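The structures considered in this document are given below.
Next, two complexes with chain A in common: one pairs it with chain B, the other with chain C.
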Partner chain A sequence: MMHEFAIVWAHKDRLLVGFGNTVVLSLLATAAALTLASPIAIALMSHRRPVRALARGLVDGMRCIPFLLLAYIVYYALPTLAIRLDNWTAGLCALVIYNAAYMAEILRGAWASLPREHVEAGLAFGFSGLKLYRRIILPPIVLACMPVLGNQMIQIIKDSAFLTIIAVPELTHEASAIQSTYYVPFAAFISAVLLYWVLCRLVEISVGAVERRARARR
Partner chain B sequence: MPVEPAVTRPRLPAEAAERPVLEIDGIWKKFGEHDVLTDVSLSVQRGQTVCILGPSGSGKSTLLRCVNWLERPDHGHIYLSGQRIGFRPVTDLPMSQAELAQIRARVGMVFQHFNLWPHLTVLGNLIEAPIYVQRRPRDEVVAEAEALLDKIDLREKRDVYPARLSGGQKQRVAIARALAMRPSVLLFDEATSALDPELVGEVLAVMEELAQDGMTMVVVTHEMGFARDAVIEVAPPDKFFETPKTERARQFLQRYASAPRAGLARRRG
Partner chain C sequence: MRAYDYLSLLQGAAVTVSLSLIGIAIGVPLGLALALVRWAGVPVLGRLVAAYVSVLRATPLVTLSLLVFFALPNVGVPIDPVPAAILTLAMNTAAFNCEIWRAALNDFPRPQLDAAVAAGMTPWLGFRRIVFPQIWRFSLPGLVNEMTLLIKSSPAIAVVGIVDITRAAVRIGAQTYEPLPPFLAATALYLLVVLGFVRAQRSIELHLDRKFGFA
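Moving on to the complex of A and B:
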């Protein structure tokens, strides 16, 4: 078995490149999904029924599709509609759309439980529209659902492993490549698991630090 | 001769100069089948403090919330320095949210439950709206906010979050937050009734000081002491236009707690 790990160690560069790609992919996807989640959450809370129904359809739709299938659709099915994306872009898009829907639902939940008086104070001081959302509504709901958003980021990291099937050179893809070349499945996959674990722990630690700061404001 | 109903007559700008800061003209408000406000009128001159007394459920808070259009009155007009609230001049079309926001920025509001923004520090609460709504320069706003914190004696709480303050401190910060907007009129909605008895004094002291400084205020309160020096102005909303004799109003005041529904405006000084 040590021999297996020695082989993986010899190819650690490849594994680290995959790890780096997973980090970049996850960070980009989290930032973009969080950004996209805001307009979707605003639509979910809209007073206009068609707007609300459209957003609700998107969110519920995403929650019912297995991520693997969505990745297939974006990469293999969209070219039929003349939308052709390279595997990186397709993978990133799939991650962003899928998780933006989840995050929008998280934001909507926190928004709905925001005390009415909090928003009313904003209105009474002359905030309205987007400014009301950005300055008065968004900050407390992000603080309130920090742990859940952190969880969602971990979900993004793990979902990114599926992108191996559309040949995005992320961590799982590289581990898989090493194991199939040298037939060292145990060492290759366990090494990947350890690296995923390190990454998820880092996310948990940073979320915990932000959460401690958020608690001072409650 | 065309009949022009007085209620829809647009106000001319020339009239604005001699007008009261706040004018409430015959407003009605119904929640479902329940009449909350029936033909209530009130006018507040510059520098005046008007107290509104009455038992819970008599529509005092609703009246204040109508002033900044957090509630829409069913009928009647409200004017802020001569400008009609809720409707555009001449065309009489309803104001957009952005137009309402501009009006609301000129009306300071102090809530029963403070409603400070928990994600902002004390200073952050004071400077938020002046910077992002009124778009005034940050340096100027911060300097003014710090002076206000000195005034309410909470300078040392500048960088603390509201969760760490006592009820009385929160309400003083809420008053300073409203003052930071340089409002034309300041509305107090039961500002002391959510406080522990021993904390009421510090908030009333700030309100007394503001009244003496000539701030224009409308105060919904249960604090008889604060309204003590007032001259009785208006009586129960059922017969709002029948201005009661002082003696009758006093009697009313004595048994106001048992009255089914009543509004009583008192005018200080």
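Moving on to the complex of A and C:
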């Protein structure tokens, strides 16, 4: 058993490259998904019915299918519509689209429970349109759903493991590669699992810290 | 897509649903057992359960499938793809279910159980008659939600060679060179499965509401 871990340790650079890719992929996907979620949330709260229906259809559709299915659609089915992406970009796009829908629903939930007076006070001070959204509505709702958004980021980290199936060189993929070359399945995958655990703990701890700081400043 | 392709997609749906249901049937009671260990404050075991839940909740299902399927034979436990898939799903969902049950248990007023024991019930009987009937209703929405999440991460078991809905759709796409139609059909199937779970939850709640006047 120790011998197995020694082999994995000797190839730790590969595992760390995979870990790095998982981190970069997750961070990029979180940032992009959150950015994209914001206009979708606006559409979900729109007074215009067709806009609302369209956004609702997108969000509910994403919430019904597995992430892997979307990754396959982006990677295999989009080329038939003449949109061809390499596996890294396709994986990132799938992560962003999928999680933007979930994040939009999280933001909408917080927005719906935002007290009416809060928005009215903003209107009374002359805020309107995008400025009202950016300065008055968005800050409290992002703060309110901080823990849930943190959970969604953990979901993104875990979803990114699916991308090994379309050969994105992330953590699980590298662990698999080491495993299949040296036949050290236990050590390789346990190492990957522990690295995922460390990453998720880091997310939890930093979300907690940001939340505490934001609460202290309020 | 030919008729045969639709049939193989349906077969994939049967695999997804049956393996997930078996995983749930093991994972829900196992999650309750884990939650009870922590609730009862068993010294060393409680810590172990907490560590298990923390690690399993952070482990992607793909990685767990690979670990179970390749590492178990390595330590002398040969395992076939189907049991490996069921074990993976059960281990994963048990960790999440543990947290759901634990939330219900923490919400449960412990003096009720003390009163039951004081009235002469054994702790086990008190659990069966007093605690469980209340916590399962409290946990039901969370448990069903976790079931739909499990269905959505179940394509991970394809990495050990199980042909579920997603894998069947990929195969059809590769054979016909038209991947979009089978993927859309697969989407519709997942929609039906997830809706089925949500419907079942609603009808159970409705039934309870009629029988007891509350859900």
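Here is the rule we go by: the second predicted complex is superposed on the first by the 214 of 218 C-alpha atoms of A that agree within 3 Å, B and C clash if a C-alpha of one lies under 4 Å from a C-alpha of the other, contacts with A are read in each partner's own complex, and residues count from 1 in each chain.
Rule of thumb we're sticking to: a residue touches a chain if its C-beta (ideal position, glycine included) is under 8 Å from a C-beta of that chain, and two chains touch if they have at least 3 such contacts.
Keep in mind that what you see is a predicted model, and the values were worked out from it rather than measured.
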item	value
Touched partner set for A:F67, first chain B, second chain C, both or neither	second
Chain B versus chain C as contact partner of A:I7, first or second or both or neither	neither
Which of chain B and chain C A:P139 touches, first, second, both or neither	first
Touching partner for A:T164 - first (chain B), second (chain C), both, neither	second
First, second, both or neither for A:R217, with chain B first and chain C second	first
Which of chain B and chain C A:F186 touches, first, second, both or neither	second
Comparing the two partners chain B and chain C, which touches a greater set of residues in chain A	C
Contacts of A:S128 with chain B and chain C, given as first, second, both or neither	first
Intersection of the chain A residues that touch chain B with those that touch chain C	none
Touching residues on chain A, where the partner in the complex is chain B	117-118, 120-129, 131, 135-136, 139-140, 143, 216-218
Chain A-touching residues of chain B, taken from the complex the two chains share	68, 70, 97-98, 100-102, 104-105, 107, 109, 111, 113, 115-120, 128-129, 132-134, 161-164, 177, 181
Chain C - residues contacting chain A, complex	54-55, 57-64, 66-67, 70-71, 74-75, 151-156, 158-159, 166, 169-170, 173, 178-180, 183, 186-187, 190-191, 194
Of all residues in chain A, those that touch chain C in their complex	61, 64-69, 72-73, 76-77, 80-81, 154, 157-162, 164-165, 171-172, 175-176, 179, 183, 185-186, 189-190, 192-194, 196-197, 199-201
